[in-house]
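Shared chain: chain A. Partners: chain B in the first complex, chain C in the second.
This part shows the complex of A and B:
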């Protein structure tokens, strides 16, 4: 019974997302961004020769140079940009979608009709999460087809899909929780834009890790920051301890909190106000 | 003329009332000023970020002194702690004197050559990267960050205008307006005037919050004026292309790629490819704001207005067709 209800809701949400061109725009953007990375970002290592010269000069002066994670050098700019392309869409922009779907249904008064059906807040929220999850996974698969990660195993690709799923679910639920008190998209847009800008503070920290120090270390607690480095770990050379557990810990806690908030606000506020 | 003015002010007044009722104005102001406040708080920290060195306790005092002249030194109790520190994500190289008395440099492996070179130079007591060094000049992070923020504060107001049009279409208000004497040009002028005035005000207010009384507010206002057509472009794309809120989100997502990437790419060294950015109004808008923040004339913002104007005109025609079709 509940599975049938979830399936009906899911089908409705998929059709709405399709009609609103969310799938088309998301996949087109994925193709454009991944294509740009494939064409413009160098797939060869830069600076290796310069490092060799520096090491030789250091040794000539009696110094010793030890590289603790030599495989870390093997990540090209192209490979480093793939986690950024995935994270920006799935997490930073994806944050909006759950909220927008809810607000669209408020505007169309679909929610008023749903209120008198046997479905509850849990099914309603789950359906939104699954639609966004599908979109996130399709987007990620498209990016990985256009810029195939060199040497990544099937297990690593599965791990990427796992990171994307966890991140997408957390951000969709966060978006729903944030959107619940608002009347429409125009009033929701600014708070969501501010939240997205905070989430995107992980971008400069990914490009230059020293950015997340000196009073900016709060960036390390963002799920986007953890996701950037978790994807880098899975698609890159690997070997950096604590990255994946760090992502699982922060995103796991984030998922539980956002799920509880999204369900509670949908059940206690959204469903009540349209009754 | 008098009738047109009455119609324009009626629509503008209605938009302001709706924005106040839905607290859109509050969120627009609060969101932008909050980000400006955060920029004021955090950008000096980012700009003042120093290179970090992890050093094993017991290293020669002269070495620590030399490294402290170039950045911040973190002492580690033993070699395991030193290695763990080097493996953290912030590119802090490690230094220790090994059992043979040689100076050992510990790297993670993904440090940029410039980081390695500056660490070696600091350890050797050569001209360090900080103060008086002959290394590459540090990028003006604060001015870049502020110009992007002020550009965003001005342009994002377009979302309120675009989403307002979408909501009018969804709620049937547009159909109701079609049976009044209101003309399309009066409707559009009211929308553009309200969003333009709000965008200008917000740009200047955000600059004042982010910089304080020292902000060159006149130049910033001129730069914001040049960016306002991009605000309109943003709003009109949403208003003309989207039939509902989901489609509006899709339109915003598509447009964000150009609105965000062109200004960011404009600060990169593109060599002979820089001309490719010429037709991108967002690039010129941010460059204009960057010039204003550096005390120069924001001529680039004029280019932003010129490049955005044909798009705005085309979108107005499209919106007119959509409005006519909808009513």
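This part shows the complex of A and C:
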């Protein structure tokens, strides 16, 4: 019975997301971002020969070049940008959508109709997570089609989808939890903007890893930071296999915390203030 | 059967209770009207009864069991029609009617038949956002009963409807009650309450000022008399005849036999007048 109820609620949420153009917005964003990376980001390694020349010159002076991560291989800029494009949607947009879906239903007061049905908060939150998950996976697939990862195995692609799923679920739950206390979209906008700014602090850290040190090491605890490197690891020869367990660990904890928060706030707060 | 006993509810920080020591019971298959002016606490009472607000003081029992002991099965058994229509504007009328049905594990009515019964058949596939106010109202009403609830909460179900459609809605409410559904009807509309309710409770400043069948209230608070308007020698005259004293009745019989009668009015009280007497204030 609960499974049947979940399917029917999911079908409702899918129609709402589809007609609210959330699918269209997501896929258009994916096409534009991935298209831009495909067209503008160089797909060849630049500077590798320069490095070799530099090492040779250095050796001629009697110096010795030490490679910190010998297993790390250089990635093209294009390959390095793909994880960023994927994370953008999954983490930042997914986060907004979770909150927006909830607040729209608050504003329409359709939540009151749901509240007096045998549905319940758990089912409500689960259905929202699954809809956003589907959008995130479609987005990721589109990005990977437009900018195909060179030499990534099926297993690696499956891993990417796994990372995306985990990240999307955590972010939808976070968005719902953050939106729960707010009445409408306008008041949710500022906290959501702040939250996504914090989450996107991982971008400079991803581009220049030194950014996440010297008092900024908290950035490494952000799910975004972990997701960037996990995706990078899966999509290219990043040579930092150690980040995968880190990602799983941080997102696992994040998932549990946000799920508990989202459920609790929806049950105790959202469902109590409707009608 | 739903029973409310000594229910008192105060909003957080409010100086006085919004609902005060309210007790009543609505037997299976009855229509119970909650009447009162704006701000009397009708919606608050209803929200506590459907567990939207916590039960603070008092007891509510549904089918003999305390509300707190009932979980999802309570909501499976309840239908609520909201005063302000709350629909998904991008879904069609039919989709709005059926979109939550999957959450109920029970038989339901045929959506097409329900839509047709209230004149929404032609608009069934139109987005609800394009419906008129009255159409939305009808759809919300239908949504409250499509899953065949045993307890139906209706908040102003006929406001904004034309008389013919309002009549259809009233007949549907009567039919449901006749088939055993308990109906809690919240309204300002005294005529509606008079036509539908087995029992009405006048809520005034949160407490029940009077509670009885509409007929009993009208008899208790009204005047048993008839006003006769006659045209005698081209002039309109009015006379009031009581229905209690035999000599008054004889005079009335005589007046009725005389020519020139233009109108007859029973001076039995309307529920509105009863309310005024009971609470000392008008409904708004």
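Rule of thumb we're sticking to: the second predicted complex is superposed on the first by the 265 of 275 C-alpha atoms of A that agree within 3 Å, B and C clash if a C-alpha of one lies under 4 Å from a C-alpha of the other, contacts with A are read in each partner's own complex, and residues count from 1 in each chain.
The rule is short, and it goes like this: a contact is a pair of C-beta atoms (placed from the backbone, for glycine too) under 8 Å apart; a residue touches a chain by one contact, two chains touch by 3 or more.
These numbers come from a predicted model, not from an experiment.
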Partners on chain A (chain B, chain C) - clash or fit = fit
Inquiry  = Quick one: is A:272 in contact with chain B, with chain C, with both, or with neither? Answer first, second, both or neither.
reply    = second
Request  = For A:115, select first, second, both or neither according to whether it touches chain B, chain C, the two together, or no partner.
outcome  = second
Request  = Figure out whether A:96 sits in contact with chain B (first) or chain C (second), or with both, or with neither.
outcome  = first
Message = Just checking: does A:16 make contact with chain B only, chain C only, both, or neither of them? Give me first, second, both or neither.
response = both
Task = Using the touch definition from the top, say if A:190 reaches chain B (first), chain C (second), both or neither.
result = first
Message = Looking at A:42 after the superposition, I want to know if it touches chain B, chain C, both of them or none. Which is it: first, second, both, neither?
response = neither
Ask   = Touching A:7 in the superposition: chain B (first), chain C (second), both, neither?
value = second
Key: Which superposed partner A:155 touches (first chain B, second chain C, both, neither)   = neither
Request  = Compare chain B and chain C by how many residues of chain A each one touches, and report the one with more.
outcome  = B
Task = Report, in whole Å, the shortest distance between any C-alpha atom of chain B and any C-alpha atom of chain C after the two complexes are superposed.
result = 9
Request  = Jot down the residues of chain A that show up as touching in both complexes, chain B in one and chain C in the other.
outcome  = 16, 19-20, 108
Ask   = Given the complex with chain C, which residues does chain A contribute to the contact?
value = 1, 4-5, 7-9, 11-12, 15-16, 19-20, 108-110, 112-120, 123, 272, 274-275
Ask   = Where on chain C is chain A touching in the complex?
value = 47, 50, 52-53, 72-73, 75-76, 78, 80, 82, 84, 86-91, 95, 99-105, 143
Key: Residue ranges of chain B touching chain A (in the complex, touch as defined)   = 19, 22-24, 27-28, 30-32, 34-35, 42, 45-46, 48-52, 83, 86-87, 89-92, 98, 102-110, 112-113, 116-117, 120, 123-124, 152, 156, 159-160, 163-164, 166-167, 170-171, 244-251, 253-254, 256-257
Query = chain B touches which residues of chain A in the complex?
reply = 16-17, 19-22, 24-26, 28-29, 32-33, 47, 50-51, 54, 57-58, 61-73, 75, 93, 96-97, 100-101, 103-104, 107-108, 183-187, 189-191, 193-194, 197, 208-216, 229, 240-241
